[in-house]
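Lettered A, B and C in written order, each chain numbered from 1.
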Amino acid sequence: MSEPVLEIRDLHVDYGFGDDPTHVLRGVDLTLHRGEVLGLAGESGCGKSTLAYAATRLLPPPGLITGGEVWLTDRDGRRSDVLGLTDAQLRAARWRDVAIVFQGAMSSLNPVFRIGRQLTDGIRAHRPGLSPRDLEARAAELLEMVGISADRLRAYPHQLSGGMRQRVMIAMALALEPQVLLMDEPTTALDVVMQRQILEQIMELRDRLGFSVVLITHDVSLLVEVADRIAIMYAGEIVEEATAQEVYRRPRHPYSSGLLGSFPPLHGPRRELSGIPGAPPDLQRLGAGCPFAPRCPHAMDVCRQVRPVLGPPSTGEDRRVACHLHDADLVGAGASSGLPPELAR
Amino acid sequence: MRFVLRRAAFYLFTAWAAITINFFVPRLLPGDPVTALMGRMQGRIDSNAEESLRVLFGLDQDMSLWDQYVHYWQMLLHGDLGLSFTHFPTPVADIVTQALPWTVGLVGIATVIAFLLGTAVGTGIGWRRGTWADSLLPITTFFSAVPYFWLGLIAIAVFAVNLGWFPSNGSYDRGMVPSLSWEFVGSVIYYGTLPALTIVVSSISGWILGMRNMMVTVSSEDYVTVAHAKGLPARAVVVGYAARNAILPQVSSFALALGFVVGGTLVMEMVFSYQGIGYTLYQAVSTHDYPLMQACFLVITLSVLVANLVADLAYAALDPRTRQEG
Amino acid sequence: MATSTTAIEVAAPTGPDDVAQGVARPGRRPRLLFLRNSKALVGIVILVFFGILAVVGPWIAPYDPDQVSTALLQPPSGAHWLGTDHTGRDILSQIIVGTRGVLVVGLVAGLGATALGVIVGVTAGFVGGLGDEGLSALSNVFLVIPQLPLIIIIAAQLPSAGGITVALVIGVTGWAWGARVLRAQTLSLRKRDFVEAARATGERTWRIVLAEVLPNLTAIIAAGFVGTVTFAVLSQVTLAFIGITPVSEWNWGTILFWAQNNLALQRGAWWWFVPAGLCIALLGMALTLINFGIDELVNPRLRSTGMHARTLRRRGIRPRVGFTPVVRPTGPGVRDVGRPALHHAPHTEEER
């Protein structure tokens, strides 16, 4: 596997500065390799967006990063911990090394500035030497790269359609050819046809420009199509991580299995959509055990007492899962009555 | 363009409404005081002037309301607002035209300064939440809660009576003849400083609080986060993204709050005996000079409408969305 | 005087201070939240104090406020805590007795304006179409016309502009702001599912308005009410100061009227005009604080971050948009926060 460009180590994030904060990220480990598309999936409120915001320190108050490291590799191969940068260093690294496309295509653009100005101000901040004409030319080039004619540079955001605005955001994110592109539900607000077009465009640009992508969405079936690897989040932690095909064909965590069961399959025979019983947990009231245990159809006594650790499953495959069902010691000790069939394929 | 035309149409409508209110107020209320005053003036008042007062206050019982209304408009369009009772027989229109420039100069300039300064301070406080800047909030709350005129009283007591830095009333040195000389202008500025400062201090807190709240709201908009994500310099984010958008509602509330602010600051003229519209209104009230009172209200309202229209033009210039055709 | 909103007549609960956290907790009732807001609480305490004063004022005032004495224009002393005026009347008694007038006018004007505002605003928002256009234009007209001059010319032409009359005039002219805000909110409520559902099941319009719409407007109506009371108090005091309302009716503005007309400023009689003004400021501040509480309840973004600035500083947290604070207990970078972690920093710009 190629070298890592973004390494998140044991990241902890709280909401609230008081004595009783909500722990929204609880020790997240994740690595993004060069040129890779990493999918991040989970229900609303599982912390997947928080992860993207925290990794760039864009999380608004009362967000607070309480532990961990985020190592970012720049184009010259130097690694730095985002959480230890000064404001000036962080500003310099943002957009140059890591760019973000946010969920709200409608609200991500400043309504009072022309598109052209919003495309160029980021470039100018990082490359102060460029002449206005160079900036303009670069902005036009970027717009055409995402299939928008350059004469829209003089348009205001309200004069563009939703799909166009999101393309503008993508063009903007690629302005400095960053190493890492974080995309938080980039197509959720768009219709299905537009979603597909935009994702295809991103993949094509990735092939051409060679950046790495973290694609955050609640739509697992979409990830199965475009991602190289998929990480599944639940209650502020990663519960399973493997290649897209492995996750799709052989989910190991009961939650992954349930999440896949709640979307129609892409190919093959139709099956009944199952969904997951119960509601996402209240992060204020998590017990000592596995956070998924109350909703898990296969929960054992140990699940309610001991929090499982993300690691390779008992089968020794090259993937990670946080579930006692796959815990080698427990399986060996005969604590489980064998794996349920849908997790043992 | 459509936006401005629509607003202009609205202000014309409002002007019509204000004039109509002005027409009806003396008619709906018991008219005895006017009749009594007219009785006292009997003989000293020429028939023309008596006629316009009758029209203004609806004393002609034989005319239909509609005829009275048409008549009233005809008078207004000729600039005839009747004669003042106290400064008899000076036409009210003359008194009002003399007073208006003083008010526009004092209240107008002070209000604009307060708006600009308050918006700037509010930007700072809103941007640095959770720092020492928040401790400015209780102070501004206090200032927004005191009546303007009381601050004027305190200012006079401290700076005019005790310290003697400024004169306590008037708008220029009475020993001077009004002219465009440096001396006279200097005197006007000297006399105007204390009232102007008091108006700024008392009205600024509203703008600070409004801008602070808008900054807090706008700061969590996605485009501000995007500006941060782009690594833009702090100044560019605050000024170009946050404040640039937060000022839009601030400008429209400037338009709406103008009536309120002007009302309060006119009382300041009364405290400082500053020879503007507010002081004229005060004198008219205390001497029961009804024609003058009515005229002051009309002029104040129309001036506020004009200021509103200017604020709307500024808004249209600031927000590209209003310039959209269709 | 009754407290100004129904939402506050609940005893103050005690508990962990988590009111201001950004994450809403399910199942916590808003009225409890409201009382935990320290700003609102301070405001309510002040308001209750003046309310009690308004009720029992005439019995606890040390003197009859109209009783002249030979102690002319005396500074504060043991006999007259706040001194006397030019005819030897006790100023403290004038303030205590005047409280009732101020609060009654504020309350009556606030109730009147709020009732008008609710009727106009909710109707406009709910009926839509031409009716809405007309009512909106009407409230915009009243919003733009300067209220105080309008109140002055109306009050000055009334044969006797006593407290209640003035209150009614203020109420009739001061409803527009509330109507505007309520209309906007009603418009958005009208499109919500539960209102649509009630319509679909054939509920009668007035029932939908009473049962579905109004309860959801409580906070805004309360805020509008408090705002109008503030405005009414200031207007009434101003009118009294100008001398439009009868000078025999005691309120805080009347005291200032006497002070101004008897050259209290020039004579240096600060006890004559400072305490009355401070009372107005205190009452106005109390109302403003209550409104802050309501605002923060409605718009959580305005809440301060839930801790005192000092506590945050001690923990090394500087809450900022765009730069999430990092407080790492152990491991690398603990002491490195805010210091270069590597050696190729291209900028030397330092944070303000």
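Criterion: a residue touches a chain if its C-beta (ideal position, glycine included) is under 8 Å from a C-beta of that chain, and two chains touch if they have at least 3 such contacts.
As the structure is a prediction and not an experimental result, all values here were calculated from the model.
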Innermost chain, where centres are averages of C-alpha coordinates: C
Pair with more cross-chain C-beta pairs in contact, given B-C and A-C: B-C
Chain at maximum distance from chain C, centres defined as averaged CA atoms: A
Cα-centroid distance, chain A relative to chain B, in whole angstrom: 54
Centre-to-centre distance between chain C and chain B (centres being mean Cα positions), rounded to whole Å: 23
Chain A and chain C: spacing of chain centres that average the CA atoms, whole Å: 45
Multi-partner residues of chain C (each touching 2 or more other chains): 305, 312, 319, 321-323, 349, 351
Residues within chain A bordering two or more other chains: 58, 60-61, 87, 90-92
Chain B residues counted as touching two or more neighbouring chains: 129-130, 219-220, 225, 227-228, 233-234
Complex contact set, residues of chain A against chain C: 15-22, 53-54, 57-69, 78-81, 83-92, 282, 284
Complex interface listing, chain A residues touching chain B: 56, 58, 60-61, 87, 90-96, 99-100, 102-104, 107-113, 121-122, 125-126, 156, 158-159, 169, 172
Contact set on chain C toward chain A in their complex: 16-18, 21-23, 25-26, 305-307, 311-312, 315, 317, 319-333, 336-342, 344-351
In the complex with chain C, residue positions of chain B that touch it: 10-11, 13-14, 17-18, 21-22, 25-26, 29-30, 32-33, 129-132, 134-135, 141-142, 144-147, 149-150, 153-154, 156-157, 160-162, 168, 213, 216-217, 219-220, 224-225, 227-228, 233-234, 237, 255-256, 258-260, 262-264, 266-267, 270-271, 281-282, 285-286, 288, 290, 293-294, 296-297, 300-301, 304-305, 308
Contacting residues of chain B [partner chain A, same complex]: 129-130, 219-223, 225-234, 236, 240-241, 244-245, 248, 318-321, 324
